Structures are given as structure tokens and as C-alpha cells.
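A quick write-up on the structure given underneath.
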Amino acid sequence: MQIELRQIRKYFGPVRANDGISLTLEGGRIYGLLGENGAGKSTLMKILSGYQLPDSGDIFLDGQPQRFASPAEALGSGIGMLYQDPLDIPAFNVKDNYLLGRNRRVVLNYKTAKRELSEITTRFQFVLDQQASIESLSLGERQQLELTRLLVGGAQLLILDEPTTGISADQKEKLFASIKKLARDEGKTLILVSHKLDEVQELCDEAFVLRKGQLVGKIEIPCPNERLVEMMFGQIPLRSDRPGHTLGEPVLELKDLRIPTYRLTVKDINLTVHEGEIFGLAGLEGSGQQLVLRACAGLIKADHGHVSLAEQDITNWPFQRVRTAGVGFVAAGRLEEGLVADLSLTEHLVLSQPSRRFFIDWSDARKKIQDRIEQYQIVGSPDSGAEELSGGNQQRLLFGLLWESLKLILLEHPTRGLDVRSSDWIWDQLYQRRQAGTAILFMSSDLDEIIERSDRIAVFSGGKMSRTLDARQTNVDEIGHLIGGQE
Amino acid sequence: MIDQALILILSSVVLASTPLIIAVCGEILTERAGIVNLSLDGSMLMAAMTGFVVALKSDSVWIGFLAAMIVGAFFASIIAFGSIRLRQSQFAIGFVLTLLGDDLAAFLGQNYTRIPGPVVKHFAIPLLEDIPVLGPIFFNQSPVVYFAYILVGVTWFYLFRTQPGLRLRSAGERPEAAFARGISVNRQRYIYTIVGGALIGIAGAAYSLDIKIGWSDGHIRGFGWIALAIVIFGGWSPIRGAFGALLFGATKALATFLQRRFPEVSVVAFNAVPWVLMITVLLLVGSDFTERIITMAPERMQRPLQRLLRISPPKALGSTFVED
Amino acid sequence: MKSRLWLRWVWPVVPIFASLLVTSLLLYLFGASPIESFQAMLKGAFGDQSKTLSVLAFWVPLLLTATGLLVTFTAGLWNIGVEGQIVMGAIAASWVALRVEAPSPVLITLEILAAMAAGALWAGFSAVLKTRGKVHEIFSGLALNNIAIILTNYLISGPWQPSEGGSFRGTAPFQAEALFPLFGSSRFSPLSLVLALVAFGAVVVTLRGTLWGLQLKALGKNLRSAFLLGVSSEREMILAMMFCGALAGLGGGVRVLSWFDSLRQSISGGIGFLALLIVMLANYRAFWIPPISLFFSVVLNGAISLQLRTQLHSSLGGILTEMMVLFVVLFGDATKIKFLQRKKDHD
């Protein structure tokens, strides 16, 4: 099937998410779609997969113009999209989830479902427990199920949105094998939306690069990474300086920590982070590093072992108490777990300040937040609602709300969803903090970030923590093995 | 030898619980689609009054039921329209409507209080009524009761074994995913809110035409709230909901029974029992107590036990969904 | 632009007109003249001094309770249990009135404190059930409302019954020292109005000018983020509920010590639910609470008067006010309402 997009335009108010994009896709090839955050990748794919309508422009399938009012219609024409968080129903079981939306019969036919599912899972070597409820499946399994559904539904073009985030190495291998099989053996077209350049190099035949809503480049793969980066950003970003830093006294010490949760038990965690040290926690999502971070913050309980902050035992202290002791915590979800959408920046400042004065001095607060806005280069005003800020500015705001001198900062995915410039800026701030003696413990699923930014690294796999690695002396290969559970 | 009186009591418990069962089934459909019909109590009152008055005027209980259905559906449609189209809070709308329904019923029905009217005729089902003990209790009843039996079964099957039922549930669980499958979430919510409302209407008329016959100010005030509670601790499942309604009816009967036997003892406490029960069950639902019990059971039992005991509300209950 | 402005001015009046229209229709249906009926209602409210004082007397507990609900709404809570909090306040005040002997000022002070404490505790119970037990406050509120009423009935027909035997209407009448000083021979207590206005002022200051008020606002909008910003949701929710419960309880105390002279069966008279409606009609803006509460009092008292004169059921007053609330809830103000106040109101 040949797919052509012609002059696709989608504007959200003044923002030109897609500004006249035209491209052509041929059957049997794997395409990469690259671009920094806000470049328009997800908007374009949503339009192509029927989740949104373009403001103008046309889609042609084998020369015929098409218009999709919903993803189901798009699938009917052969286009399916696999989202990062698959659009399935957690409460349903695998069979119900699979059957949802099919027009065939009123009474559900479980026999047919079982048969169809088995056929595809064998073909691609997926392993799916058909009785299980979706919410008990891992992300990789949910992906597999959704992929199966799309294929049975007749997808000739498959769009995969950051598919390798949060799945196991084994599942990733299967996914890549499936992708190759689908393209080479079955003549399907695939679009891989990713910012992971190495994956794009491995899988894709050709890459499209978007920047600021426009198609800025079309290039055959393999090609030098620098070319891709250049097209994505318009200039090669500088690698940040990494001055050597002498470490101080231990600030955070974890001894034999054990954190039991419904799905995973993290155990035997022994870790020390010193003053001025940046410690990175690597590993796939759900391997336990987030649990460790949150246990340090007092958000989750440990049932064995100790957490101490500057010689003081803070094990299982409640979050508020840990915070007052000089710990900052920045969660991954900015608007879900950090900012309140329609409160103003000023109000956020008042809320987050350590002083507990009963009556609010509003003019003082406005002055203070204005200072922070300038200091942290936040694009916004004291009265802007937090939701009006872009992702990068929200992250800057969260940093701006952190207290002055902290002993320890805990970060979940500090630069997720941010473009390179915002990322660099965030890390500049963190370097400044560590110069002042703050210990930094962070987690990231971006291995390059882990290696680039950390002084020392620990790798999580299945709830277990590896030995500590020196970031300057390790490499992706070593960490990759550790993530896979191999020593 | 089972006491005849006991059989009569149980039979009347079944009858008295039936409107609740019907209302609960209706509300389950509505809530599974993602909407809470907080106007249940007021709707039922309006439906009861309307059903009675229309039946009186037309001398037909069935036309009365029809009118009541329309009233219930109408109230529900206001909630659906207000929350989906106008994007306002369904709780706020439902709350006002429940009070408005009460007052409207009182005002419009003021000339019809405490007068007799047509009544639904009971009949026994041949063969089934001869089953010892259970026969007279369950099968010598009002047709409304028989309707309720069928309703519970149909609702269960519809929800869990049919494609339209899957669609309904998907709208209440994860609207984005439903939309991706080509399901119109808002249409689902409209339909099932109104269908639920119609069933609530039938339930209201069932009181004024069969169980608490006639109309008076404050007639069945309070029963709608109880229905809402039963939906919750019945785990949004029609069969468990039916049991919950029967349990409630049985508790009330027990209270009346004990009051007659022991008049010295203040029976006031018994009136509180259903509410205490409700809080207890809600506490259990909210805690991990049931989870812990399940993990203690043998491996093979766990999944069926989970299905029996695990109560989780539809995840998108009470939220709005904007279709792009 | 001009038409938008015009719309903004006119829009608030639409619910009024709409509900007047519907009510007129109903009156017409029952063979009554709408104009005459409304006139009768107004006369029933303001006709003479005693009627006006009745309106004021009914207004006070409405104002108290609605003011308290502002706090819980800000925190994002649906405090349907406010009815029970009023009742418990009344019960506590009654206990002091029946069982304690002291000079009047002391007695009244004790009653006020008891009423506030009881309302606060009853609300606190709901709050703890929510924070610890994950029971939604709508349901715990419903259950506790009923339990409070059952308790009232028990006390009336049992331990506190009048000396001439249980009549189920009310308890034994309270000693004169226990009652609020009333204005003339009406049921209006100036003291209670003072308390209500003080409470109102306190709530407004709290919500707009204190850290706690801002914390509640954050809580109401995003529980999780508020928590991570340092707001202890458990503590603040409980405090917010207790604050509201205290004011509602005080309202109950006012009812039982000025409007009545003993604990009665329906001591609250639906004031809790009415207060919820008032806050909704006021669009959660503090400024509108006193006038709208007064309006409710006028209409409801007027409707009762109307019933006495014309046999038209007094639920008419309820219909009038509820229709207004329905319109506001459905159609809001010209710019789409949000559930809670916009932060603009701060500066």
C-alpha cells in the first residue's frame, strides 16, 4: 500500500503543530519519524491514524483520497497506531479487550477470539495469558496484544509510538523481529516514532525529520547520527562540561532496604550518595528504581532496612517530614504530581515555601515569584496558570520551587519529554546545586543521560540493584547486560 | 415445618425489595457507562407520584408505569445533557434534581394524597409455585417481581457477554480507548443514562402501584439514596446488587418483626442498621481487607474469588470525555 | 465585544426569570393567579414585623451553614453530611440546655461551644472515614445524616421526653435561661446574627488571606500535586470538614435555642441541603452567600404563608429556588463556570 500525505496542516491557536507536511510512504519499508518535543510528530501520527482531523491537507492511500473520523475508521482502511500507553481497557481481560469494537456478533464469541489470538501470537512468538486481566499484564505484553489486534483488524501501515520505552529486553527483541518480519515478509509499512537514534539506525530504511511543524529532512538509513541531530535541532548541541568534583560526606545511606509492593518486591538495596555527587539509577520502568526513590522521599513504605539522611535515620518518615529535613522531590508527571493546573505561579510559590506563616503577604509573594521567573528563565507571569506553561517551562517552575539549600534532590525522569536545550539547562541547574553540596539521586530510562550525567550508576533489574558503576568507566553495553539481569 | 407467617414475611420482603432491584439495575447501567445519577431519590418520587396519578386517571396500571418510565428517563436525560453537552458537574445537577423532584412531586401530587387507586394484580406461576418453600416466596408474586428476575439476568448477560455490553463498559472504564475502537462514548452515556432513568421510573411506580400503594407527601423518600449505596456495595454487578437489595429488605423486616416481639426494646437502633452496614461494606471495599483474604486462599480459588469479591468502580465514573 | 458584555450583565437574571416562569405555570395549572401568589408570598415574608423577623431568624442558620460549606467546597469536598452536623449540634446544645444549671450567659456560651464541637466531631468522623477508609463523603454523609436523625428520634421518645409523656414531637422544653435572647416575641435572636456575620467574615478572611485557605484550594483542584507541594491532604480535609461542621453545628444550636425551645423531630428542616443549594446558586462566591441565603429564607417562609392561606402546597417555594439553582448549574454564567473559584478573586 502506498501512503501519501499532502500539505497536512494542523494549528492549535497560534501554535503550528503541522505546517504543510507532505511525504510519501511505500509498502515493505520501515520509516523513522524523528524530531524534538513539539516538532509535530505525535500530531501528524494522530492525524494519519484517525485520532484527529487535520485543518487542511489530504491523505491518499494507493492514490485514493481518504478521510478518517476515528481510529476505527482508519484501521478499516488499513492504518493502525500503537500508542506508548496502549489504548486498552485495564479492567477487561485479554479476550474482552480483543473483542471490543468488532461488529460481527452481538453475543461475544470467545472461541473465535481464542483462535485468532493464538494464531498471531504463535506467528510472532508472543506469550499471552488469555484469561489475564489487562492491568496484570506488563507493558510489553499489552503492546503485543494491541499489535495483534491491529494486525487482525487489517492494518497495512503500523505506526509505533516510542514502542521500546518500558519493555523488557526480551520483548524488545521480539518487537524488532516482528517489525522486520512485518515489513520484509509481509510487505507492511511501518513508522517508528522515536528519539532513540540507535534504534532508528538499526531498524529503519529511511527517516523523516520534523522540526517546528515542518518536514526538514528525508534521509536514507544508515547515516551518521550527527546528520540526524543536525536536522532535528538545526545545530549540533554542545556537550556539557563535566568538571571533576570532589565528593563530601555521605548524605544518603540505604542499608538492606526492602520495599514490598503488590507487583514487585525490591530488596537488598545498599547505596550511598555523597555531598555533591550525582547518582543515576538505570533500568527499565518497573524495575524498582522508582520505588527506591519514592521510599527515600517517604512516599512508599519499606518493611526492612534503613534510610538515613546525614547520619539521621529517616526510615519510613512521612513525606512532609522528609521534605522539611531538606529533601526535594520532583516527580515525573508535572501536572499530575507537582503542579496544580489552574493555580497561578504566585500561588505555587506561596504553597511550596518552607515558612508556615498563617497570613499570606501577596505582594511579597509576587515579588518573589517574579525573581524566580527571571532567575529560571520561565516563560510566564506571576498570574499565569501552571497549565498555560509549556512542558519545559513547567519543569523550570518545579525547579524554581525547590528550596534554597537542600541536602538531597530526588528526581524521576528529570528531562523526559524535553528538548535538548531544556534538558541541558536543567542539568546546568543540577550541576550548580551539586557544586553547593547537594546530593542528587535520579532515575532515567535514557541510558545516554545516565552515563553522561552521573558520577556513579546503579542498574535495576527485577527489583534487584546491581553493583555500583563508575560512570566514566562504563558503557552502554555493560549497563545493557546488567539491565538484562546478567552480571 | 416452616412457619406460614415466615413464608409470608419472606414473600413480602421479596416484593418490597423488587423496586430497589429494578432501580439498582438501572443505575448500574448508568454508572457502568460513567455517569452517576444522583437524582435517583427525587426521580423515584416523581415517578411514583406520576405513575399513581396517571394510573388513576387512565384506570390502567400499565399506562401509569409508562408515564413513570418517561418521567424517570426525562430526569436522567437532564443529567446526561447537562454533563455531556454543557460540561457541568453531574453531581451538582443530580443533587438539585433530587430535591426538585421531591418538591415537584409533592406539589403536583397534592390533590391526590391518600386516595385509593388501581393496583397491580399478582399471579402465581404454575409449576414453579409448587416448589417447597421457595415456590410461594418467589413465584406467587407480582408481575413486577417477575420482571425484576428477568431484568437481573438480562442485565448481567448484556453487560458481560455481549458486544454492546462491552462497549458500554468501555465507555465507563477508559473512554479514550473506547473512542479509538470507534465507540461513541457520549452516545453510550446518553443511552444508558436514559435507559437507567427509565428503569428508575418503573421502580418508583412499582412502589405506588404495588407495594406502598397510593401517594403521600414524602412517600418513598430515602429509598433512592439506598439504591445508590447498593450499587456500590453490589460492586456494580446486577446479581450482587439484587442480593444487596434483598438483604436490605430483610433487615427492615427483621426490625419490624423484633419491634413487635419486644416492644420495650427501642427499635430505633434497627433503623440505623442498614446505614451502619453500608458504611461497613464501603470500608471493606476501600480497604485491602478483601485483597488480603484473597491472597490467603489457595491459588486455584483466587481468580474466581476475585471475581466474586473484588469491587472496583468503573474507572472513568464521574468524569467527562471530550470527543475531538 | 459589546454583545458579550451585555450578555454578562443580563445572564444572571435569566435563571430568575426562568424559574418565575415555571412557577407561574404551575400556579396557573392549579388555578391560582401567579401575581397574587407571589404577592402573598412577599406579604408572608415581609407583611408585618413578626413575619420579617421570622425570615431573619430562618436566615441565620442558613447563612452559618452555607458559609461553612464554602470551606468544604473549596477543598473539593461534597459535604452532603452537613444535615447530620446541624442535627448533632442541636443535640449537643439540647444536652447542655437540659442537663446543666448555670446563669444564662454561661449557659449560652456552653451551648454554643457544645454545638460547634458536636458538629465538628460529626463532620470529622465523615472526614476520617474518607481519609482512612476511602469512603466517599457523599455516602458517609448520607449514612451519618440518617443516624443523627435516628438518634434525635430516640432522644425525643426516650430519655428526653416531656414530663407528660412522649409525644414524638419534641423533647421537654428547655429552661428559659438556656434559650437565646429573642427580639420581642419573635423567634429571631440578634446574638445569632452577630455570630453568623462573624463566622462569615472569618471564613472569607481564611479562604483568601491565609496559607491554610490556599492549601484547601490546591487540595480541591489537585490532591496529589497539593500533597507534593506540602499540603497534608488528610489533615487539611479533616480540618476543613470540622470547620464546616462547627458552623453547621452552631446553626443547629441556633435552631434549637431560638427558633424552637426544645429538640424537635426535624430540627434541621432541610437547612443543610438548602445551604448546599445556596452555595451552588452563589457559584461558590462568598459575596453572594448572605443575599442568596436571605432570598431562600424569604421564598420558603413566603411559601409556607401561602400554604396557610391558599392550601397550595409549600413545596412551591422549594420549586422556585431549586429551578433557579438548576438553571445556574446547567447554564452557569456567561463565561463557563469552573467548579471552584478562579484565582483571579485574590488580587
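Annotations
Think of it as A, B and C in the order they're written, each chain with its own count starting at 1.
We take it that a residue touches a chain if its C-beta (ideal position, glycine included) is under 8 Å from a C-beta of that chain, and two chains touch if they have at least 3 such contacts.
Predicted model only: the values in this text are computed from it and were never measured.
Chains B-C form the pair joined by the most contacting C-beta pairs. Legend note: the chain whose CA centroid lies nearest the centroid of all displayed protein CA atoms is B.
Per-chain Cα centroids separate chain B from chain C by 30 Å.
Chain C has its Cα centroid 48 Å from the Cα centroid of chain A.
Centre-to-centre separation between chain A and chain B, using Cα means, comes to 44 Å. Touching chain B in their complex are the following residues of chain C: 26, 78, 80, 129, 133-136, 138-140, 142-144, 146-147, 150, 153-154, 157-158, 273, 276-277, 280, 312-313, 315-316, 318-319, 322-323, 325-326, 329-332, 336-337, 339.
Put simply, chain A touches chain C in their complex at residues 319-320, 323, 329, 331, 335-344, 347-348, 350-352, 356-360, 362, 383, 385, 401. Across the interface of their complex, chain C is touched by residues 38, 78, 82, 86-89, 91-93, 95-97, 99-100, 102-104, 106-108, 110, 217, 222, 225, 228-229, 232, 266, 268-269, 271-272, 275-276, 278-279, 282-283, 285-287 of chain B.
The touching residues of chain B, when paired with chain A in their complex, are 161-164, 166-167, 169-170, 173-174, 176-183, 303, 312, 314-315, 324.
The part of chain A that touches chain B in the complex is made up of residues 51-53, 70-73, 87-92, 96, 99-108, 131.
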